[in-house]
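There are two complexes below, and they share subunit A, which is joined by subunit B in the first and by subunit C in the second.
For the complex of A and B:
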């Protein structure tokens, strides 16, 4: 097992950020603490410096507060108000949304590859749907689906899918078009039917592109799921916790939830990475993508040195 | 298209005929049902279905005609017809089923509402787009550019910072929004900060790739000219990075709009498109919600178009445009 050359610099950067956090925290919190003391609020401390780490709604929470808040929100693990269950619900919605998006994305991508007319008629709107702040539609879509009896996790998954289908469509279309013209010619000489060409050549060729698209789409779907939870009456999920604590102005809890959802996002993308490694083993060994990266690195070194 | 194909398709006149008939059917129904208040009979619903089928079928035939054109306006015709078909069909269906306007407003109603409340929406758009999205976008993009320059120059920074930038791209920004709004306040600067953070990371990652994925041959050439580091950046790395930078700029326009709108969901000072959408969706004022979405979309598309136009002007030499 080789240790990544990035490890030491990454650790140094993390330490610098941590070291800078303390003075920043004091700098941001002391004026607030002073004001609280001046107005005579009941605080368990005398000086502004002491109070800076104990404010109820700090500008930047102290590490101690974060740690306590983390303990409060994480445990007990199976409580409906704790992060683990809510994160699992959001993750479930995200993954279902991603799968829905994959189905829709494949449909559009096959249409676009098979027919130029289809592409001409729909592609501008698929692209335009991305320049549109899709998220704006989420609150309305949720209310609408609720009116027709679609409730619970399904509307959130649908919104997640709606936000995630675009990168998948584009990625799969690129992948379906990616086979070597020689390979396509070979299929033709074998008298392969349309379907055989897709099954034996185009679909396998699109798998690497699919995973690249999945990584982008996973984050998009997570955002969609969280926004959907925020803008509806939901009983579970990270979004519901965010909305609740935002209303209750519990700053420390909001920080904890923010950090946990960041971890959730990273884990979900890592899941896609792991699946990619599992399902496309030929890319790992042949290292098709590794070579250009290495070249770029070499050329860079030369340029710097 | 070969003559054999043309024979099979029977020319395009059939397509245009179907298209015209379909639109005629749908429009006739809308006009006939303009003031009615009860649901249409099943025969009429069947007619709407037939009209829609005619439009789609006609479109599929007609679109072939526009496949090989290079004129962007002519090439856009099928897309424009698709939008028109969807809007007209939606109008007809909503009228046929008499869906209450509190649930799904008809397109015509949305348009008239848009005209009525345009002053309010323009004010909202000014706050959301100019103050929040644009300021955040400019700040975030310039900071991202600077960071990428530094990272590409110092290997230590590259190793220490770039992995974090990649990590950050998988974080859902919505979770950031409430914290930042609480920290900075409900006025526009908090949203500008959210936007800046969202556009920052794609900018860093893309620009860095552009600055470093330089052909070794060009680097050798620069070296044989004894070019200094500044010259190397000026004449080789930055021009090479320009297409990548513009990719990030285009991606950023979308992210900026989304960031600003989502930020407003968590608290605004009574103005802004996101605030308007949130409030009106809560009290079933969907015609205003749709109007706000139309305004946001038009601005989003225009902004994207502007950046794409700039890209064409500045990187016209690049392979992808030749």
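For the complex of A and C:
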């Protein structure tokens, strides 16, 4: 119900993309279709234009092919080879990864705020950890974790956490440092302990930053989980489906799975948005007009100006 | 150096019951700036003292020294017979900052309860005290509102209620109304005087508005820059309780002129910042 105002502009963008995609699809497929016709392949179509939407391995799949492929891959809903269960597994790995990343991120962020030396000593290494290609490090991590009997979804969640902890560390550190010097002085006039200053000021002040970081980290974690599934032995997950269909050269299925993972990303970020609204009720509602209107209403009711 | 011109008040100031005593206090910042030079000041219980002067005259520095937010380079400060640090740890004063510094995630009532939580007041007592303080500043109806739903003046009233919540004897106010429009400011001035009368607190108030200082104070400490120092102390003999009409009396203008001339004498008028 909250999503409905976003739905119309979102659909407009989808239609525009589709309108641009259609001619591009023909442009890409017609030469391939022509070649297929020239070689005398048995095709259920006569012209290159007609065949462009019906190739078994199109350069770009036609919307109709995508639609059919989507129908094939979504159902039955509980099939181990269909998208729903695999997407759920990937989503689970992503969310667990994000939570792991939050724990690690908080630990580093507090360290960085509490001690300049800690920040100077560790930040370069944290940055370095993010420049290692995840596709290279994922199989090695899985082998390493496998040594200790960590198998299945957990290594994927750990790899997701590996890329997600960076935006969380930076975001939370910024959030913990965000209180105004005056607010810190205020706590000092109360003779508040360090712990009280964290509890009453720094942690609550960092919450909006945390959610912003979560949104960035969530998309990173999703990519991490999928890459981890692709580059290791997996029995479930979006990444496993991508790897399988890649081996089978099923272009249409690849596209359908890719688009599904995009939708999964949107849903996961929407989940963070929803949690943000739930957990930060004090934040002003977006849209500038809401504030003066509310204030005016308030002033009239209470008779203040 | 100390130019306390009222015999009655200086007698009061020099006795042992002075709640604030500043003796030969200087403040030199690490970059070499002399923010305050050889300040001397005695403040008696129940006074309303304004520190006035242009930017860079050390008035906020002096207040921060009293509050133990910074420590002096030399000299002695006693707050109720204690060092500023002991006084801060004994929660002897409430501090109102230039900005309301309310916690945006707490509603008005919960903001006023903040110091009570930090100071471990009994849970049952927190709400009652906070509600009483909100009533004192006339905002009891807004207890459930969030800070962003209030005007700037209302936010600053909440921060005053918060500073008074744990019932300190001293109230330090650092240009609390500086960001507000003239009309709101005059209203809050009246309200602050009422609060001062009702609670019997000692208030030390930093401002750069001459009318505000004259209207509020029992004594005005005129400060001048480069280096920051106390130029003179002007007692204000306007009768209490002061009203809107007080600002239109001849005596009010005379006192405002006296403050202005003291500022000019110390070159407090030629500051460009």
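Note that the second predicted complex is superposed on the first by the 262 of 305 C-alpha atoms of A that agree within 3 Å, B and C clash if a C-alpha of one lies under 4 Å from a C-alpha of the other, contacts with A are read in each partner's own complex, and residues count from 1 in each chain.
Assume a residue touches a chain if its C-beta (ideal position, glycine included) is under 8 Å from a C-beta of that chain, and two chains touch if they have at least 3 such contacts.
Being a predicted model, the structure only gives us computed values, none of them experimental.
Of the two partner chains placed by the overlay, only subunit C lies in contact with A:201; subunit B stays clear of it. Within the superposed three-chain model, A:124 lies in touch with subunit B and out of touch with subunit C [touch as defined at top].
Of the two partner chains, neither subunit B nor subunit C is touched by A:172.
In the superposition on chain A, A:189 makes contact with subunit C only, while subunit B stays out of contact range.
When both complexes are overlaid on chain A, the residue A:261 reaches subunit B alone and has no touch with subunit C.
In the superposition on chain A, contact is made by A:280 with subunit C only, not with subunit B.
Ranking subunit B and subunit C by residues of subunit A touched puts B first. Comparing which residues of subunit A touch subunit B with which touch subunit C, the overlap comprises 295, 298-299, 302, 304. Looking at the complex, you find that subunit B touches subunit A at residues 59-60, 63-64, 66-67, 75-76, 78-79, 81-83, 103-104, 152-153, 155-157, 159-164, 167, 169-176, 178-179, 181-183, 212-216, 219-220, 222-223, 232, 237, 253-254, 257-258, 261-262, 265-267, 273-274, 277-278, 281-282, 284, 286, 289-290, 292-293, 296-297, 300-301, 303-304. Taken together, the subunit A residues at the contact with subunit B in this complex read 5-6, 8-10, 12-13, 57, 59-60, 116-118, 120-125, 128, 130-137, 139-140, 143-144, 147, 215, 218-219, 222-223, 226-227, 230-231, 238-239, 242, 245-246, 249, 251, 254-255, 257-258, 261-262, 264-266, 268-269, 292, 295-300, 302-304.
By the touch rule above, subunit C contacts subunit A in their complex via residues 67, 69, 88-89, 91, 93-95, 97-99, 101, 103-107, 114-115, 117-119, 141-142, 145-146, 148-149, 151, 154.
Looking at the complex, you find that subunit A touches subunit C at residues 180, 182-183, 185-192, 196, 200-201, 204-205, 207, 280, 282-284, 291, 294-295, 298-299, 302, 304-305.
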